[in-house]
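In the two complexes that follow, chain A is the common piece, with chain B as its partner first and chain C second.
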Partner chain A sequence: QRHSQQDTRVQYERIGADVTMKCGAMDWDAAVTWTVNGSDIDESHLNGSYLVLRNVHLGHSGQYSCYEGSSWHLKYQTSLKVGTPPKEPVLMCRSNNYPKRFYCSWHLPSPTYIPNTFNISVIHGTREMVCEKEAVPKNRCHIRYLQLFSTVKYKVTLTVTNALGRNSTTITFDEFAIVKPDPPENVVAKPVPYSPRRLEVRWNNPSSWPDPESFPLKFFLRYRPLILDQWQHVELSDGTSHTITDAYAGKEYIIQVAAKDNDIGTWSDWSVAVHATPWTEEPKYLTTEAQAPETTTSSTSSFVPPPTTKICDQEKVVGS
Partner chain B sequence: NTDEAGAGQSIQKTYDLTRYLEHQLRTLAGTYLNYLGPPFNEPDFNPPRMTRAEMVPSATVDFELWRSLNDNARLAANYRAYTHLLCYLRGMDGQVAKADLRKSLGHFCSSLQGLVVSIAGVMSSLGYPLPGSLGSTDPAWAHGPGPISPHNDFLKKMDDFWLLKELQTWLWRSAKDFNRLKKKVPPAAVTLRLEAQG
Partner chain C sequence: MASAERPPVILRSLDLCSRAIRLARKIRSDVVSLLDSYVERQGLDKNISLDGVDSMPTAAVEHWSELTEAERLGNNLKAYRIFQTLLAEVLEDQRTHLTPTDTNFHESIQSVMLQVSALASQLEELLMLLEHSVPAREEVEGTADSTSRSMFEKKLRGLKVLQELAQWSVRSVKDLHHVTKHSHSSSTVHVSHQ
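So, the complex of A and B:
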């Protein structure tokens, strides 16, 4: 009958380390039994009454117990957790609801397999700012812009600590540099009756953008027929609608919109894509006399983009 | 004349001039910082603000305060800032060795002078007095650059760096200010207000 009444301690060790555990106060030459997660450990791992684990890996994590040979009293118990010290965390700050707040989010480039604690400090000039943490997502917090139009940079330092080590990263940025709206919402594209080359596109400001009146957004619209790869682009500095006037008749189009503050920051990611096909005339029922010679068009009609269209590759600009 | 143009048009012109200056300054600042050379032209250069640079009118404003500014206060802040920024800029203009850069700076100063006049025009068309003599409550910079204290070349360059950065930030702020005013002050409403004032 094994008696276990010890409160469990936790022991952290690095992957690859050699670990030796003593059986509490028992002498080196005492007769003992070691178990891991309730299973006996082979004697080959013992050095006298000491347990020796070489070049530990994640699989070594578990509850280790040592019992005195004859009385089976529990003499030592520990929960071994094998892991790594934290690498330099990746930290990113962004404002998608300027000028109300910005948020900073972070992650570790690789797991540590043991619990980590994060501490963030946000300094603006000489002022330390509060970073309001949220339950979800855990690795994010929000900072309120107390001042606008500041030439003083923000300095954000994130420190990550666990039982095996600590690391940190610091970024500095101007207030305006991290402004990146969310994509436009409710994008709708419709044919324009009796206009075979037009498509009318409408969208809304991202609902997260708090004050479009004072901080107007400009937009970037891209569109292409499904059967072509090359996008056409148009930049719009006013309003939330646009009429495409050079669509190829009868071709289904894919359309997306991105947003940016009129003055500062970077483009949002592209909106959800919408599809639309320009208006086409209803096919008339041909009588025998009116049978017009059929002009056969190959299934994939080849056509040349209208000369007026300025095709520019802004791919690299948006959402980067 | 002003009546015909109306405050709405006057504000629109001031807004357009602000955007033009924003664009011009982006190029000019890049050229000037390259003229100053490293570390001033490095993107992450973030020097401390020395006492003289503290004298340059700062565009930084408390968020809630800025939102709650009335039109008069908003315009007055702009007018006062550019009046002083112009003095500082002219101080820079006279010390540049490169002729083409000096010419660009001179041209920019003239445009900035145009902005000051334009803001004054908006204020008078809205019936607001121009900010006159400076009271004691005005920030330290409101009294102008003061005597240019002799100090070394690096510190002088630091002042120029901060002046350009502050000027860029003011133009950004002003674009937002005049954008707000544009939407708040349609031409028709203003005419009624002027008549009401007799």
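So, the complex of A and C:
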């Protein structure tokens, strides 16, 4: 019966390292048994009473225990964690609710497989600013603007540390450069009755943008028929609606909108895409012909005439 | 109740605000391109540190959203008056010392000067229209000892003037939008009380 008496220590080793573990204070030539996660370890890994692990990899991580040969007293126990030192982190700062705050978020280009701690410092001129961490997502924090319209650059340094090493990255930026709104919201596109080449598009300012009156947004609208790849664009300096007047009749369109502060920063990502088809006239039937079954078509669904029906005024339906 | 017309003063101020916004935007775009040609002609790095260059109106402001209308417009007016003097100094330095033969460059500086002067006039008119006191004109620091500066200091100072002016033009646009926003809301309150 094995007796456990030791506090578990944690041991971090780099992938590829050679690891030698002593059995506590036991002599080199003492008779011992090593286990990993409760399973005995093959004698080939032993050098006397020392456990030798060559070119360790992630699979080597686990709980290693060493018991004295005859009494089965636990003489040594450690939790081996194999990983890597952190690479230079990727850091990005952005303000999507200017002029209230900006946030910085970061990630590691590759996993380290062991716990990392992150420390961020935000300097504006001579002033260190507080970066309020969030519970979720963990790799983001917010900074409140204390000063606006400053020519002084911001300097943000992120340091990442784990048991195997440390790394850091620093970015410097102007106040205006990181202003990037969220995409416009609630984009809606509708046909305009009796206008086969028009589509009316409406949207809202991103709800995260705090003061659209003092910090008005301009918009970029792009649209194309599904059957084509080439987008058409129009920039709109105010207002949150636009009527497309050159749509191909009867063709389904995909439409997206982006936003930007009128004077500073960069364009938002594109909004969610919406689809719409311009209004099309109801096809007319000749009353003297055999009554074709009455097909109800809504102006926005694609109309497939039954084979017996004679299409009248063909030009009216396509591209009037 | 009369139809929802806005009082003439409000309409006039809204019109002035929108004209001033357009002018401030024009100044911004002109100054940004002037900055590019300035650093090129002076052989400067755009990111050179200008911490040592002072005595000019910095656009940086704290608690911006809490400024009163009078403070907002008054601060703008004071700044643009000073910029008129500083730009004249920059132009003089360029003509006399730094780029004496580059008349096109001088004209682009002069064009910005004229726009800054026009904006100052509009701000003054707006202040009076909205019944705020117009700040008194102040002697601009730094101009007196401009002759004692080295060529390099003159270059740096010119760059700082243009950088701060670019920043101020954005601030002015936002300040004027803020004034417009409150003119809208006060005129709505005014109409509803009739």
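What we mean here is this: the second predicted complex is superposed on the first by the 286 of 320 C-alpha atoms of A that agree within 3 Å, B and C clash if a C-alpha of one lies under 4 Å from a C-alpha of the other, contacts with A are read in each partner's own complex, and residues count from 1 in each chain.
Note that contacts are C-beta pairs under 8 Å (C-beta built on N, C-alpha and C of every residue); 3 or more make two chains touch, one makes a residue touch a chain.
What you see is a predicted model; the values in this text were computed from it and never measured.
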Review point. In the superposed model on chain A, is it clash or fit for chain B and chain C?
Key: clash
Review point. When the two structures are overlaid on chain A, which partner does A:S150 contact: first (chain B), second (chain C), both, or neither?
Key: both
Practice item. Could you tell me if A:S39 is touching chain B, chain C, both of them or neither one (first, second, both, neither)? Key: neither
Review point. In the superposed arrangement, which partner chain does A:S110 touch: chain B (first), chain C (second), both, or neither?
Key: neither
Review point. Regarding the shared-chain residue A:S70, is it in contact with chain B (first), chain C (second), both, or neither?
Key: neither
Review point. In the superposed arrangement, does A:N47 touch chain B (first), chain C (second), both or neither?
Key: neither
**Study point:** Footprint overlap on chain A, comparing chain B with chain C
**Key:** 99, 146-152, 176, 213-216, 262-264
Check your understanding: Which positions of chain A touch chain B when the two form their complex?
Key -> 99, 145-153, 172, 176, 213-216, 262-264
**Study point:** chain A contact footprint on chain B (complex, rising order)
**Key:** 22, 44, 46, 49, 58-63, 66-67, 162, 165-166, 169-170, 172-173, 175-176, 179-180, 183
Practice item. Enumerate the contact residues on chain A facing chain C in the complex. Key: 99, 146-152, 176, 211, 213-216, 262-264
Review point. Which residues, counting only chain C, touch chain A once they are in their complex?
Key: 25, 28, 50, 58-62, 64-65, 163-164, 167-168, 170-171, 173-174, 177-178, 180-181, 184
